[in-house]
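You will see two complexes here that share chain A, one where it goes with chain B and one where it goes with chain C.
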Partner chain A sequence: MTQKGETNRYDLHSRRRRFLGLDKDQALKGLFGGNALVSIIVLALITFFLFKEGVGFFGQYRQDIELHRRSGIEYVEIMKEQSAAFTDLNRYLNSIRGEHATLLQEQGMAFKDARAELKVYEEFIYAFEDLGYPVSEYALEMAEVAIGARDMYEESANLREHRENLLALGRDEEAADVEVLDVDLSLFVGMLKEGEADFLALNDALAAGLLSHIEKLPVIGIDSLDAKMQRFAELSRMFVGELEGYESRLAEWDPDLPVNMVSAFGSFLFGKNWVTNSSIQDWYGILPLFTGSLLVATIAMFFAIPLGVGAAIYVNQVAKPAEQNFIKPYIEFISAIPSVVIGFFGIAVFGQFVREVSGWTILSGFDIFPISERLTAFTAGCLLALMAIPTIFTLAEDAINNVPKSFKEASLAMGATRLQTTLRIIVPTSLSGIISAVLLGFGRVVGETMVVLLCAGNRIEIPNFTNGIGTFFEPVHTMTGIIAQELGEVVNGSIHYRALFMVGMVLFLISLLINYLAQKIVLKYQISRG
Partner chain B sequence: MSTNAILSRERPSQGLGFHSKPSKAKTTEKFVFWVFRLGTYFILACASVIFLTIFFKGSQTVFQSEFPFINTEFLLEAPQTLHVFEHEGQSYEMSDTNFRIFEEEQGVDIKTSTYAYSGGGIWPCIVGTVLLVLGAMGIALTLGVLSAIFLSEYSKPGKTLNAIRLSILNLAGVPSIVFGIFGVGFFVLAAPQFAFSQDAAGSFTELGNTGFYFKFGWGVSLLAGCFTLAFMVLPVIISASEESLRAIPQGLREASLALGASKWTAIRTNVLPYAMPGILTSSIIGVARVAGETAPIMFTAAYAMRDQLPWEGLEKWSDFFFQGVMALPYHIYVVSAKIPQNEYTERMQYGTAFVFLVIVAGIALASILLRIRMRKKYRW
Partner chain C sequence: MTLLTDTLKDSAISPKATTSMSSETSDPSRPLIRVSDFDFFYGEKQALFDINMEMLENEVTAFIGPSGCGKSTLLRCINRMNDLVDVARIGRGKIEVNDADIYDPRVDTIELRKRVGMVFQKSNPFPKSIYENVIYGLRIQGINKKSVLDEAVERCLKGAALWDEVKDRLDTSGLSLSGGQQQRLCIARALAVEPDILLMDEPCSALDPVATAKVEELIHSLKDQYTIVIVTHNMQQAARVSDKTAFFYLGKLIEMAKTDEIFMSPKNEQTEAYISGRFG
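Let's look at the complex of A and B:
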């Protein structure tokens, strides 16, 4: 104690006030440290929470798929697939007639005469349609059985849970009143399986009917249409050939085949369907959303990379200082436009503009134009390009600016022109920075929500990549868009809710990956200034 | 000026007959630079088209030709249904309240065609946006700046610090909708809410017999929105503030410490004043981002329609924080995507977009100008 008193004599801050045993400096350090701790905990919490909510999805999804199999809905879907293939055939046949009708109309034939002309093979079409009825009716009937079984099973599961909850609360009397049916799914599946012979008989009848029917193929008398008729006959024969495949799949189907976590995982990552609130079966496959996001981002980057990097090169290497002082803040300013405003511009002005341009006669050479949709991947992509450009521009300009001046001077001194210096010295030297700028721009585009929600058309389907350029003009749905669209209507803790969390997690991981790559590239290829 | 004059000024050798025509390399250079130039100005033109369209069409809603030249109804009233009708040979367009007064004055029932969301104004949206921004920035700046001071001034450099820094930087790039979905799961549905009395709906559970009530979830509320937005900008603010703190030369701190100042005095007098411009700029950018984002508030704070202003009809003070609000960005989304389109809604859309753009762009412009000024002021 005396020692302390002694030091105090020489201490300039002897009147220092103490709070909880800490002096002012320590208290402040504690305050700052506490804040830092809170921030870090919160940010860690976000990551943890996303994972926690998301990971529960797979267990639920596995159960869901298992129920789908055990209730026999999967079995019925094979039948439905077959009848859908038949419907496709029917549609093809009808399209021939439609084409014929427009052809006649173009020739200036009166409506009545045209009808008479078409009437010749109308019988053939109707008879063809009738051929498919027994099978599709049968499939519908079976679907009702399977769905009914599934619904009963789910209801009884709900009731059982309710009863257990009541028991847990000690309300035994109420619990006793809850009647729970024991639903044995195998009974229903047995019913389905018993009918298999009937279905096979129907199929045989269908095949025989089809083959004899196409013997009576009508001749229209127009070469192109007759060729299509021949093609139709060919397709019909192929369909008959495929019937066996469906039948063997039905025979091989086993309701007790276990569904493991891997298949739930695969069904999420590689599933081609995202179907929610369906009466038959909900599917949560991320592939259509992922490809949609990717397609939109590709279009955006197609425009944003050349424009953004080009502008960065121009501003840093070519522009006069006055121009620089105007262009740089302007482009930075673009990044401040709220995305919802850009999306609104897309809906109100740009979508319409794209459709009108696609109707111009210069473009009539492409058979994909004019496009029918106003809101497509292309519309959203163009607008997103404008949002990615400021990111790419600012970072790429920084990277170019970081190239040591001596590099440029050396090159100019060797007699290279400014262009040669720019393209062969400056750009290659700053390439790592430019690539990471592009990556971060890509990250921004993939994570953007409002523009794609408003302008991408929101059709959940994998884009048809066989269309060539036409693919870019299809409406798509995206990962960010689906969260924004469906999060408002989900039940807390339901499988749908967790599926959206999983989509959020995929987005989270993608953005982390992009950031990581960008940082790696910058560090790895940093210019040595020795 | 003739070409000769230009050439001769650049090249004294002109008279000698060298370089009588530009070399191939020079021609290519000119061509390529022109391509770059056109590309750059194309970007500016695209952005200008967006600005001009919204400014031109929006100003028709916001401004008017008669005194007071600003459409006060649009700025100061709540969104309402628009009534369009003809009465005694004259056609009228009126918002719901005005229409009722008019009907009473005339004493007749008038048949009208109505358009949802097309009448009235956007006052509650402006109020809601301002409240969200204030709340979010209050939380984010306190946490962010203080954390940045700790990370750059007090913490010991090492692997842990680098890892923290890296993860904060990575979180800055996470899409805003991911923060939105986090906000829904955490604040709206799971965060505990405490109270000293039961509410009208009886949704609270009492903790024993303590007179202390709680329930899970803040619901769609101002508070949930503020926190979601705050955590969205938090990484941006921490990393930007820390950067500007670390940009202060070490010598300034050392000089101050050498004169006997305590650590805090050194920071307060020799670090913070010089880092302030950088921190300020980053926080203004944060404000622009918070004000402009739609995705995080869609499910955490925003209502498509609410009759009362946030301070009206409160039962107790805490209700202020646990109520949903209208917000400008969400209102734009609602009027442009969720309701049937017609010529009357278009006015509302452009008007809202105009006001929103002016607010956000004003904030962003301020930060850009500030940064340019500050860059000139401090250099070492």
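Let's look at the complex of A and C:
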């Protein structure tokens, strides 16, 4: 002010420089506000886009399932199911022979002699296969009729749409050239239904043949195998008993039963099959992918929680400053490794390593070892654990660090040991923070794509949970993996395309839920500290 | 020299042995804490210079002095809380509690701290119930018998003059109490392990005058059973609660005497200047 002595000290109007009518504060405010606004808008657009692309799925899927019923494919699938049950029986029979062959081989019998020994099976198996032949052949024939009907119907629907498009564009002449066949699905279904009596006759013959066939059960002379033969006979009798069930389902089947939205919804959420590009029928059931994701995430959390939280407690409570300065950046460094590199490591090194280890004699006590697959839920889970550890470690360490020092001092001043202080004061006080760290780690694992795509084995099937620990060593596919794998190849706007978007929606909702829970818990934590 | 742990074990057999013994011997001037030629460093910086003092059993000793004069440092040396500071080290001298050198390498700080309790400047109840807060010290010693714990809670809360205010809500959080109540809860918690000495680091600095009066009253009543060392910035408080007062300045013990004497007729000029409010 001294230099400007002559200006009026009490001229209090703003003297700040202006740009576009804004002074510096306002401009900065505008800049940051704008940034926030842009991110919110972009997020909103992404959500909207997901919804828009996904939401048409259920309508299309419902139509698809309805067509599946009205064209009679559903009807034929009942027959196919029966054939599949018969094939299972056949497989069981063959496995008995296979076991016998292995046994002979182990005894050191020459190939030629072994073949002679196994002769006893030959006729029995061939005759057995012949028994099932007429029925499965018939089912195949019917399937061709139904699929043909479905394809013609779709073709005509496409043509009709094409014609209407042309008409709408005013190209009437071209439209007239488009020939649209009216396909009456009920005609085809009528054909199928007419043949039902034939099918029943074939079934009766099959039942009678099977029952008389198992009377001629070959006697092998090895107790364990004979017991299996008896079991086979029992299974065959059960199969004959079940035939009636298939027949009554065929009789009750009604092509005009409406398919409502709820069943489309249920078929997506609880469907056990994810089948695409099938010549018979596509199914979009998310269950195999969901369970796969869950299984992988469970394995990952099993390793990541103790390691991440344990490391956080160690670094914050026990480690010397020198150790802290080494461990913290080191663990956080893991998150800098690109996931594709971790996935590559899984394929090239870790998968093989797990398989080798499973062959060690120490583990031979478990009958699931050694495992045959290299890429399994376990392989992917272990690598994902590696990726979740930095998240869990960093957030848990923060939570522990937020426990007021005065709690620790008070506890130590009471004569508590370091361990008692940690377990009774530090961990309980920071527990909600640790839980939310674990939840966010879980979210990271569920959303991770590259590693599971490369290392989980990508078999679309619900893991067999009756397998005990063997469940963890099955190849699985995941929700994230299927999107990455299939989205590049689908026709834009097709039902498959929309199905993938719906999978994305489910993922989005899961992440949202996890983050919401984590925030809730942290909030509760802040209140509890007063 | 008797080892502290041995002494502690003797007293642990019958908790009241020390107090009853002192009354039997009826030697009121027995020094329970003795600091001799004590130098203390934080890294390269010397925080305490050649401290020599004695604190007598069943007396209240107040440490006064301007900020940074080392009074809190000395207090935290008496139960070895300074061990938590990585760079802290002793240059010279020793501190004895009940004639045992507490910096002897064979001394277990856990045992020491059970005998020398501490109340902090900012009340710091654990985020647990009032009940669990009081018995924390017993729980960590593995005492889980309900009758013992119930008895301890009542005894300690009564001892800390808090029982009547909280007896109906023992299972509510310790953090739900008011500031003054929280501080008294911390004192009750410190009493639960039956210490002989209570160290108080500015226990009233965060409290309003009413709560302060209550805590001071409490200190008065605790004097019969405990030896108390209190650090305070408030000279009226020192005058009200203490028997002896020690004045620290720049890491040195300037003067220590009976509280009446030091406030009425300080021998040292610096002491007089500080007490009369001319500096600090």
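Going forward, the second predicted complex is superposed on the first by the 489 of 530 C-alpha atoms of A that agree within 3 Å, B and C clash if a C-alpha of one lies under 4 Å from a C-alpha of the other, contacts with A are read in each partner's own complex, and residues count from 1 in each chain.
The criterion applied here is as follows: contacts are C-beta pairs under 8 Å (C-beta built on N, C-alpha and C of every residue); 3 or more make two chains touch, one makes a residue touch a chain.
Remember, it's a predicted structure, so these values are computed and weren't measured experimentally.
Contact with chain C, but none with chain B, is seen for A:Ser406 once the two complexes are overlaid on the shared chain.
In the superposed model, A:Thr417 makes contact with both chain B and chain C. By the touch criterion stated above, A:Ile331 is placed in contact with chain B alone, chain C being left untouched.
By the touch criterion defined above, A:Tyr314 reaches chain B but does not reach chain C.
Judged by the touch definition given at the top, the superposed model places A:Ser511 against chain B, while chain C stays out of reach.
Once chain A of one complex is fitted onto chain A of the other, the partner contacts of A:Lys29 are limited to chain B, with no touch recorded for chain C.
Once the two complexes are laid over each other on the shared chain, residue contacts for A:Thr429 go to chain C alone; chain B is not touched.
If you count the residues of chain A touched by chain B and by chain C, you find the higher number for B. Residue contacts after overlaying the shared chain place A:Ser39 against chain B, while chain C stays out of touching range.
Shared contact residues of chain A with chain B and chain C: 417, 420.
Interface of chain B with chain A (complex): residues 25-26, 28-29, 32-33, 35-37, 39-40, 42-44, 46-47, 50, 53-54, 142-144, 146-147, 149-151, 153-155, 164, 166-171, 173-182, 184-186, 189, 231, 234-235, 238, 260, 262-264, 288, 291-295, 298-299, 329, 332-333, 336-337, 346, 349-350, 353, 356-357, 360-361, 363-365, 368, 372.
Residues 12-13, 24-25, 28-29, 31-33, 35-36, 38-40, 42-43, 45-46, 49-50, 53, 306-308, 310-311, 313-315, 318-319, 327, 329-334, 336-345, 347-349, 386, 389, 393, 417-420, 440, 443-444, 446-450, 453-454, 480, 483-484, 487-488, 492, 500-501, 504, 507-508, 511-512, 514-516, 519 of chain A touch chain B in their complex.
Those residues of chain C that touch chain A in the shared complex are 79, 81, 84, 86, 110-114, 117-118, 120, 122, 124, 126-128, 136-137, 139-141, 173, 175-176, 186, 189-190, 193. Within the complex formed with chain C, the chain A residues making contact are 321, 404, 406-407, 409-417, 420, 424-425, 428-429, 528-530.
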